[in-house]
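For clarity, chains are labelled A, B, C and D in written order, and residue numbers in each chain start from 1.
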Amino acid sequence: MKKNLLLIALCCISLCASAGRIITDSIRSQVLGATVRYNVYLPSGFDKSDNRLPFVYLLHGLTDTYTAWDQKGQMREIADELIESGESVPVVVIMPNAGGPDINNTPNGYFNMSGWAYEDFFFNELLPEAERKYRAIGDKAHRAVMGLSMGGGGSVGYSQRHSDMFSSCYAMSPWLISGSGRPGPNGEKTRMFYTMEAVKEHSALTFVDNADDAVKEQLRSVAWFLDCGDDDGLLGETFELYKKMRLAGIKAELRVRNGVHNWEYWRASLRQALPFASRNFDK
Amino acid sequence: MKKNLLLIALCCISLCASAGRIITDSIRSQVLGATVRYNVYLPSGFDKSDNRLPFVYLLHGLTDTYTAWDQKGQMREIADELIESGESVPVVVIMPNAGGPDINNTPNGYFNMSGWAYEDFFFNELLPEAERKYRAIGDKAHRAVMGLSMGGGGSVGYSQRHSDMFSSCYAMSPWLISGSGRPGPNGEKTRMFYTMEAVKEHSALTFVDNADDAVKEQLRSVAWFLDCGDDDGLLGETFELYKKMRLAGIKAELRVRNGVHNWEYWRASLRQALPFASRNFDK
Amino acid sequence: MKKNLLLIALCCISLCASAGRIITDSIRSQVLGATVRYNVYLPSGFDKSDNRLPFVYLLHGLTDTYTAWDQKGQMREIADELIESGESVPVVVIMPNAGGPDINNTPNGYFNMSGWAYEDFFFNELLPEAERKYRAIGDKAHRAVMGLSMGGGGSVGYSQRHSDMFSSCYAMSPWLISGSGRPGPNGEKTRMFYTMEAVKEHSALTFVDNADDAVKEQLRSVAWFLDCGDDDGLLGETFELYKKMRLAGIKAELRVRNGVHNWEYWRASLRQALPFASRNFDK
Amino acid sequence: MKKNLLLIALCCISLCASAGRIITDSIRSQVLGATVRYNVYLPSGFDKSDNRLPFVYLLHGLTDTYTAWDQKGQMREIADELIESGESVPVVVIMPNAGGPDINNTPNGYFNMSGWAYEDFFFNELLPEAERKYRAIGDKAHRAVMGLSMGGGGSVGYSQRHSDMFSSCYAMSPWLISGSGRPGPNGEKTRMFYTMEAVKEHSALTFVDNADDAVKEQLRSVAWFLDCGDDDGLLGETFELYKKMRLAGIKAELRVRNGVHNWEYWRASLRQALPFASRNFDK
């Protein structure tokens, strides 16, 4: 009898967290002339209804790929728990690869680069197809973007240039400033060359500096959250962006917790980011 | 110039968390007639000094092995960060396998079982050898035990029966009550049979029920922390133990956070457990 | 110049938290034959719009009055901050006196007592009048109840017997079980006599024991949160209620943090309670 | 029977938090030619032993007095709880008045001002007398300073100029930069005039700018913690100090939580500050 109770308890243990799942999909891009993979988190119960859902775009960092939030970031466990407790509403989370299929030979990063118009791909190809396939509500009020490091910078850049597309932006340890890319030893333009050039050309700080009143007003339509560890080398530029935004009258949340540029920090960030996105859906 | 700054920043990013490391070791056990593996976390700077250090024994759960706290629990990142911030003192962490080398054919669990005297092995062979090899201070005041599920129950049992060995015990989602083991379909005694029998015979609740004044006094020499998610099937027995201990005048901390029986809960527990152990060293 | 900046900074300091305010009102009760005071928290911007708002009823404990959440609980500062950050939606908070005007000579408590039908007063007089005067949306989906100790028990009792009235219930260190009241030395029935009798007669645990399927289904329409410190004398009954509810298939959240039966615990509870109520409005 | 259980529970409720107490003392200052009041927090059990204890100096802000941390900051409840849980070691906390007895007619602030050498008073009169009367261990390793706003600036200034006196410094929303004081309408030098002049003359940022290698080395002997809300007007200068310190190779912790310049923020800060001080005693 007691044994049965135990077995029930142990079964319950594995089952009682309402479990979402992660699937891998890919898209053939005309813009890039390549196939790009992405992971999709589908919340518990996704298949049992045909409700349309809010969408979160969750971006990885420079040296990672579309699998990182799943394998290193434990995003499924975190999202499951936050949804179960109601701290997050049920969402579909799209985690695209920042580069192409071959991590060594294609450029990497979320912005348009020479010969690799990723930002065009993201907004004109990936987003519409993913939102159609996975039942997005599909408007600004139900779409958020978030990411870490290069993906944090990507989140900020996307929300700046496409403020009509996202209700909120949560940037973790964002990479916002870059010098010029430098070719490799034999003059070749490396992945890193392109990425640095793209970050330089799309500086989030310069964007705020140059924003006129109309642009500032658009930026105010996004809920902003900047989050960076106190021992992270990117804290300086994170604070710089916060200061510029506040001076421009664009409200943003800022948090500095203990930590460095690592997954231990970002997992904790994600626990804040999904509730933040949820609170800013449908306002 | 800016590029150099970036490269410095990126280097700093990887380096500035003072990084400990995890190595795998093994011990040939006379008691068990087998070789048992264990992981060892060595904090940053371990090799640069010959200081003796406090030791933490960190126990895995029923379906896992000695690698789980590293691979699923991210214990290295968590320990690194807590030590860097001073919330934990530098410690060596021993993560032993609860079973033998062959996970399918040897019993599993932290207590003595028929033909598999693991608890004897732990205290007479593993602990002395590990503390000699990795420079333990080696007394009760500088030794803690903690673990999850079956390892949470193991931590409680070890601290009850060896209260002269540990200054603190932190049990996460502990498995404390069991019915009798039931043989497999062909009458064979499975791993699960032995484990259940051992948990039944070493019930932590019965131990408190049966404790006389002298034993209670010994139990008061350990700092106790019980921690279990509100949706965890093992919460009932965790609370039962807490209640019995309080009635017996044995102080214990209790925490119930949101969560189930999973790594998302235990990672957060570990962030509390190492500081708790640290505060109770050397008192 | 710098001085001006300073003065601006200091002004900003006092102003930039969007400040709600607390006013004191009272109601003449036919049911009680007495006038009962209550405090009302009105969020920032209340007077600048005529929007209807969600309502929270926030109940004080045995030895306190309607001023306690303001003066000891810092509820205004906490609500202001949570609303500013979006963790709570803007709400009106009603904090009624649990007794009559004369704290020494009228019964105290949230339930009907001999000669003092407070629960009738609450639902038939106070709630309708307060919701009319302060622009409530006025339905179950936009109404929550929460409180501490005797007010935690009050919140549970109200939500059990009036499950059609509240979308959520957050009980802090709730007082749920009582023995019979005992008259004073000269046979007089003291305030404490009445309060204990009322708690005994309205036992929240018995209510769950006696609930049939229809009642259980109604109880499932409320979002429940039980929260009690590990060193609080009322933890046992809090856990007992949780266990009974779970066995009856009524989902509830449970949290046990470090702490005792004091305001330091309840202020932290309130920081969780208002977001919990917010997440459960309008579902 | 049940009633007795209840009464026991209710008694326990009031008693089981090991309660420290706050007393008010005063000192006749030769330096100031005035009597200065201060509050003293004595931890539970202070009178039952003659152990010497670590000391914390806890400083109030511009518009408050020595009673603020008690009456608005709930420092007793917070310290009691942290000590009970072991997160803070038992400490004596000294909360001095920043001005003289007459809050309207004496200068205010922690630094030496024209005709009001408060810093001399603090180190030569108050500290020695308080540490003698209340049994301090009395060395750098067992002394910490912390405070809010003007008292946060005071904590930083004291730790900079007296780095041999404190093992740690925790500054909450510190006021670090000031323009010149401006006399009142009739040319009179107001309290505010003196305070601003003193902050200007003792700029914490300039101190770091001017520090030579020897001074930097001394500053590294203090554990620093800077903590300021993201919506606090003083965040900019807090971050400026952090940046200067890091560039000078002086490690500091930085935290930015959600919040403004108010007690809701500082109470949460104090919950971090006492454990931080504790971890840095006796290293």
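Keep this in mind: a contact is a pair of C-beta atoms (placed from the backbone, for glycine too) under 8 Å apart; a residue touches a chain by one contact, two chains touch by 3 or more.
The structure displayed is predicted, hence computed values, not measured ones.
Within the list A-B, B-D or A-D, B-C finds its counterpart interface, over half of the contact pairs alike by residue number, in A-D. Just to note, of C-D and A-C, the chains joined by more C-beta pairs in contact are C-D. Centre-to-centre, using mean CA coordinates, chain C is 35 Å away from chain D.
Centre-to-centre, using mean CA coordinates, chain A is 39 Å away from chain C. Shared interface positions of chain D, i.e. residues touching 2 or more other chains, are given as 85, 253, 258.
Residue ranges of chain B in contact with chain C, taken from their complex: 230, 235-236, 239, 242-243, 253-258. Against chain B, the residues of chain A that register as touching in their complex are 1-6, 8-10, 12-14, 16-17, 74, 77-78, 81, 84-85, 177-182, 196, 231-234, 258-264, 267.
Residues 85-87, 223, 253, 276, 279-280 of chain B are the ones that touch chain D when the two sit in their complex.
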